[in-house]
Structure formats: structure tokens, C-alpha cells
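Order of writing sets the chain letters: A, B and C. Residues in each chain are counted from 1.
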Amino acid sequence: MTQAGTAGGDGTPPSDGAGEEQVAFDINDFPGGARAAIEAVLMVVDEPVTEAALASALELPTEDVAAELEALAEEYTSQHRGFMLRRLAGGWRVYTRSEYAPVVEKFLLGGQQARLTQAALETLAVIAYRQPISRARVGAVRGVNVDGVVRTLLARGLVQEAGQDEESGAVLYGTTDYFLQRMGLDSLDELPPLAPYLPSDDVLEELAAEGHA
Amino acid sequence: MAAPPEVSAGPDLAEAGAGDAAVPGGVIHRREGQPFEVHLDVFSGPFELLLGLIAKHKLDVTEIALAKVTDEFVAHIRTAQQAARDWDLSEASEFLLVAATLLDLKASRLLPTQREDDEEDLALIEARDLLFARLLQYRAFKQVATELGERMATVGRIFPRDVGVEDRFSRLLPELVMGVAPEQLAAVAAQAMVPKPPPTVGIEHLHAGHVSVREQAGLVVARLRRQPRCSFRDLVADADSTLVIVARFLALLELFREGVLAFAQDEALGGLDVHWEGPAEGAVGATEIGSEFDEGDPAPAGPGGET
Amino acid sequence: MTQAGTAGGDGTPPSDGAGEEQVAFDINDFPGGARAAIEAVLMVVDEPVTEAALASALELPTEDVAAELEALAEEYTSQHRGFMLRRLAGGWRVYTRSEYAPVVEKFLLGGQQARLTQAALETLAVIAYRQPISRARVGAVRGVNVDGVVRTLLARGLVQEAGQDEESGAVLYGTTDYFLQRMGLDSLDELPPLAPYLPSDDVLEELAAEGHA
């Protein structure tokens, strides 16, 4: 099963081949090249796959794999495919395109997808921006007991337990990768900034100064 | 102990994600022939209600002229209490705290005092700023939640390919590392099967400090035994923070529920007198007092006092 | 507990929409048309889908759907995609193209050793001690939907279907011989008793009383 494995479209072998275990394929022999090979792997993954993992399987430099992934994603878009390739939650994966959600939901879920209540959304927002956070603290922000809502979010896989508060021992919660996916985010850093919604410093100062108005 | 009420349910709220800045002014909206109702499915907390009232009167959140809002808020609480006697205590206490702060604010504006360095004044300013800060924070999260809801309804409305490997590849799945001894499995199973204790609600979140309702209950009981008739004011005369006052008040409510004391109040908003009716010594279930509030404290053994 | 993905396999649409809210889409409004909508569905189903099921979901004549499917299959081939669309066992499904099997194999083999997640372990434990048990019951015990986790355990050969609940008709699950083997047990009788790990009776009673009050 050995063969010349000096892969790499750009001529740089990922490893210096000599005396090493060889791969049973040459990426260039494939009619669709590295791009099609990447597509094939994407068909079998059940979680976002990193560029590094793909690069290792294909014996290609990570940069090449990243470039192919970007190109594939663009290709799917320009061809108006029903699916797309997105980097979400830290890795690449094939998703249905959101325009076709009604059809997919009809097919997969037999109808509409349950939507979150306003209370659940608010609780989710507090957890997303303040994680890891205890239920009590979320309740403090929302001004109401959130136990039931947190249970709902747990059951929906949007939040998960994320350790314990050292002092109080209270369970802390954080968001899941599924949350990132449902938000169309690659990482928590991409959450819309909260700052614009918070009052500016001068408003707060004004408040403080107005004490004896 | 009543399970916490479903504070918000109903698909009718889904549209709130569509930028409807929810004016729960409708909350205290009087329906034909019906008393005021607590529509817990329409709003879900004092901040929600307060924002609704503020929006209704087109006041800026930072506007201090809240007298009218205060009146409506207090009216709402009163009717809510009448409408639902089993109001969740933790929720009710949150409402009461907001109401108390608002009333303090209103009172301070009605009284022509200019006591610059009065401690009460300072505390008042602190309370007001705390309330506003929390209100503003809540508003920010509410708005960003709307944005998250929109993302969920658009760019997030996608489905990953999660098909699993074809049969021809299934033998290639990486070897599963179990690393679990049968005893561990038993422990995991046992843990999963034990009914989860009902979640507790702490009051430590109301302020930074940590005051134990249980401890305050012990203190209140000791004092009442010494002086069986006592005003609430006296009971909290030495309290060094609002939180201690709240904790003692909650402790009194719990003791009231235990049937060991009675309240007397001659007129609305008048002084509150407390009459001790419990045994002169011995436990009064005080070990459980506060278990509902004192998050993180080791839960005392023994069922919740009704026995 | 609803289950996604049951539709289509037997050719029946998930719901015929009669008396139900109609799904709000017009196939012609999609940038990629019916073809892209079909692709979207095909990308996320793990059972072959019949033309009839697709036609029903898309509200299109079966002949049109069949034609689109043929066209899609040809398109994937001519574009040298890494996947293909094949009709097998009366339904259509996306598969990796066989040429790329070596890459897929390498990728799968290169994967990290898999560990069961905490959720999977808990689910497995509950099934082991309460078998035969339905997914819904496990979910009730764990307080979350366990459909995905059960699928993982099935794929891993640790649990298997073990009959049907007489009343509800729900599928029941039990552990496999492979499970015993991996646990180093001769039979289920050798599973350690739960009692030592359970809290004492009065604590349990208390918990139960509080939980259901």
C-alpha cells in the first residue's frame, strides 16, 4: 500500500516522506482534487471539523486546506446550493442554508420549530454575556426567578453546566456549541457587543450627581 | 413548597423577538368586569413591569420623576397579591424591594428636606442608583436578547449535516475509551436517578454582601422572646444594610408562616408591629428558616417545617 | 418526546398540513429553486428519502422532483464533487463518492480516541439499571431530551432496541453484550447494586416531597 505521498498542490510536502509510512492516495490523482476530498470528509463529520484535522487527513498544509474551504464555501454560495459551508463553533461543517429552513423544518420537524419565549431569550442573553454565571445572578439581572427558564434552556441544549461557584457552591451555567450554531457564530467573541445598549458613562455620572435634585 | 410559577410561557411572546419593545403597560390594563390580573405570561419580573410603566408614560429610564410610576407599581403589587395568594415568595420579595425603593424615592421628593449629610439620604441615593443601574442593565440585556432572537430566526435557522458515517466506514470509528469501572457506572446511575432538589433562590444576588436569612431568623426569634411585642422598626434598628432589613423581613414572613408570630398594622404604610406567639424556648423550626433563601448554605436536614 | 427525522423514510410526509398552518414558502422564491430546496433536505436526512416524501414537503409533482433529483445527481458527478446522490432502497441519499474513501478512512482513523461524554455516560448508566426503558423515560430521569445521546450509544453498539412499550408503543432500549464486555461484566446481574450510592431513604423522601410539592 505504499506509494509516493508527496502531496501538496504547492509542492511542499507536509512531511519529508522519506522512510515514513505512506498514504495510500495522492491528492492530485483525484478528479476533484483536494477540494472534493475535503467535501467527502465533510460528509461524514458529526461536529465542526478543524482545518488542522482536515490538513492532517489530507496531508496538506493547513493554509491550503483553509483556502480550499473558503473557496468551497464561496462556490456553494455562488452556485445557489441548498447547503452551505460555514465555520461555526470553531470548525467547519455543512449546514442547510437558512433560506431553506422552512422546507427543512417541515421535513425534519414536521412543522414549525419551537421558538424561545422572550423570557428564555433574555435569560439566554444574560448567560451568554456573563458566563459562567449562577441562576441566582441571572435572576438578579432579570429581576425574577429564572429556574424554570434555565431548565428549558438546558433541555434545549442551548446552555450547560459550567462548573461551580467556589464560594457559594452554586452551579454555574454557560452556553453550548449548539448555541453558537443557532446564533450563526463562530465563537463567543462574535456576540454582538453589549456596550451600545448600556448607558454611557456620562448618563451614569449624571444619575449619580442628581442625587439631591 | 410551591414550585416556582412558570414565569413566562406562551408562544405569544415569540413576536417580542421582532423588535416589539414590549410595552407591558397592558399588564395593569383593566379588563372589562375583571380585577387587575397578574399576567405572568406577559411580563416576568418587576424590571419588566417597571420598564413597561416607564414606556407607557414616555419617561426616560433615567428620568427621576417616577411618582406616577410608583403609584401604579404599588397598585399593581397590591392587586397581584389579592389575585394570587400563593404568589411565589422570591418573586414577590423582588417586587417588594423595587416598590420599597420607589416609595422611598417618592417620599424623599415629597419631603422638603435638605439634610445634606444625612445617612438616610445617602442610603436613598444609593438605593435609587442601584435600582436604576439594575434597570438599565436589564434594559440592555432585553435589547440584546431581541437581537439574539433575530439571529436565531434568520442566520441561525440552519441545520448541520449530522448523518453519521455510512456503514462501510462504521468499523473505522475511533475506539471508544470506556475507562469506567462498574462501580463508577453505579454511582453515575444513582446520581442521575436521585430526584433533583428543587432549585433554591438566593437573596445574595440582591446586593454584593451575603446575609443569611437563617441567622437573621435566629436573631429575630431571640429578640422577640425577650420582647414579645415589638415594632418592625425596632427589630431592624441596628441593621447596617438594606439587605439585613430585607433578610429580617423575610425571616419574619417565614416565621409568620410557621404560625409563631402575628403582624399588626393599623393603617396602610403605617408602622408594623410584631407579636411573638411561639414557645418561649426551644426550636421553632428555625433551622429551616431561610433555607429557601440562603443559597450555598449547607441545607439543613429535615423536611420543611410543615410537619 | 418528538423525534426528528422520522419523516420520509416510509414515504409519508411528516404532516399533510390539513387544518394546520401552512408552511410559508413558495418554491419559486428560492434563489436556487426547487433543486436547492431538495439539496437542503438531502443534506440533513440520514435515511434515504423517497421522491413522494420530497414532493409532498415541497408541494411539487413527484415527476418534477424525480427529474430534479436525476439532474442533481448528474451535476454532482460532472462537477467532480466529493459526494454523490444515489437512489438506493427506494430512496435518495447523499453519500461520499467512493474514490475518496481512502481520505475519509484516513480522517476517521486519525480521530482522537473517543470518550463518552458525561451526558452519554449518564444515559448509558440509566439504561443499564432501568432496562428495558424508553428514551422518554430516560429523558424524564435525566431531565433533558436524550434522543441524540441514545443515537450515539446505538451507533457505538452499547445499547440496542429491546422491544416496545405495550401501552405507549415507544421503543425500549437495553444494553448489549458489547456493553457487558466493555464493562468487564459477565452478565447484568453483576452490575454493582445502586443502594450504596443512593442517599438514605429519608433524604430521598424529603427530596421527593420537595420535588413534587
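Keep in mind that, in the parts below, a residue touches a chain if its C-beta (ideal position, glycine included) is under 8 Å from a C-beta of that chain, and two chains touch if they have at least 3 such contacts.
None of the values given here were measured: they were computed from a predicted structure.
Core chain by CA centroid proximity to the global CA centroid: A. Of all the chains, the one whose CA centre sits at the greatest distance from that of chain C is B. For this pair, chain A with chain B, the centres built from the Cα atoms lie 34 Å apart.
Here the spacing of chain A and chain C, counted between their Cα centres, is 21 Å. With centres taken as mean Cα positions, chain C sits 40 Å from chain B.
The set of chain A residues that touch two or more partner chains comprises 42-44, 83, 94, 96-97, 104-105, 108.
Residue numbers of chain B whose C-beta contacts span two or more other chains: 159-166, 169.
The touching residues of chain A, when paired with chain B in their complex, are 42-46, 83-84, 86, 93-98, 101, 104-105, 108, 113-122, 124-126, 128-129, 134-137, 139-149, 165, 167-170, 181-185, 192, 194, 197-199, 203-204, 206-208, 210-213.
Remark: chain B residues 4, 6-11, 13-14, 16-17, 22, 44-48, 62, 64, 88, 90-91, 94, 98, 114, 116, 121, 125, 128-129, 132-134, 136-149, 151-166, 169, 199, 201-202, 204-206, 295-296 touch chain A in the complex.
Considering their complex, residues 2, 4-5, 7-8, 14-15, 20-21, 23-25, 30-33, 35-45, 53, 57-58, 79-83, 94-97, 99-104, 106-108, 110-111, 143-145 of chain C touch chain A.
Across the interface of their complex, chain C is touched by residues 1-3, 159-166, 168-170, 172-180, 182-183, 185-198, 301-304 of chain B.
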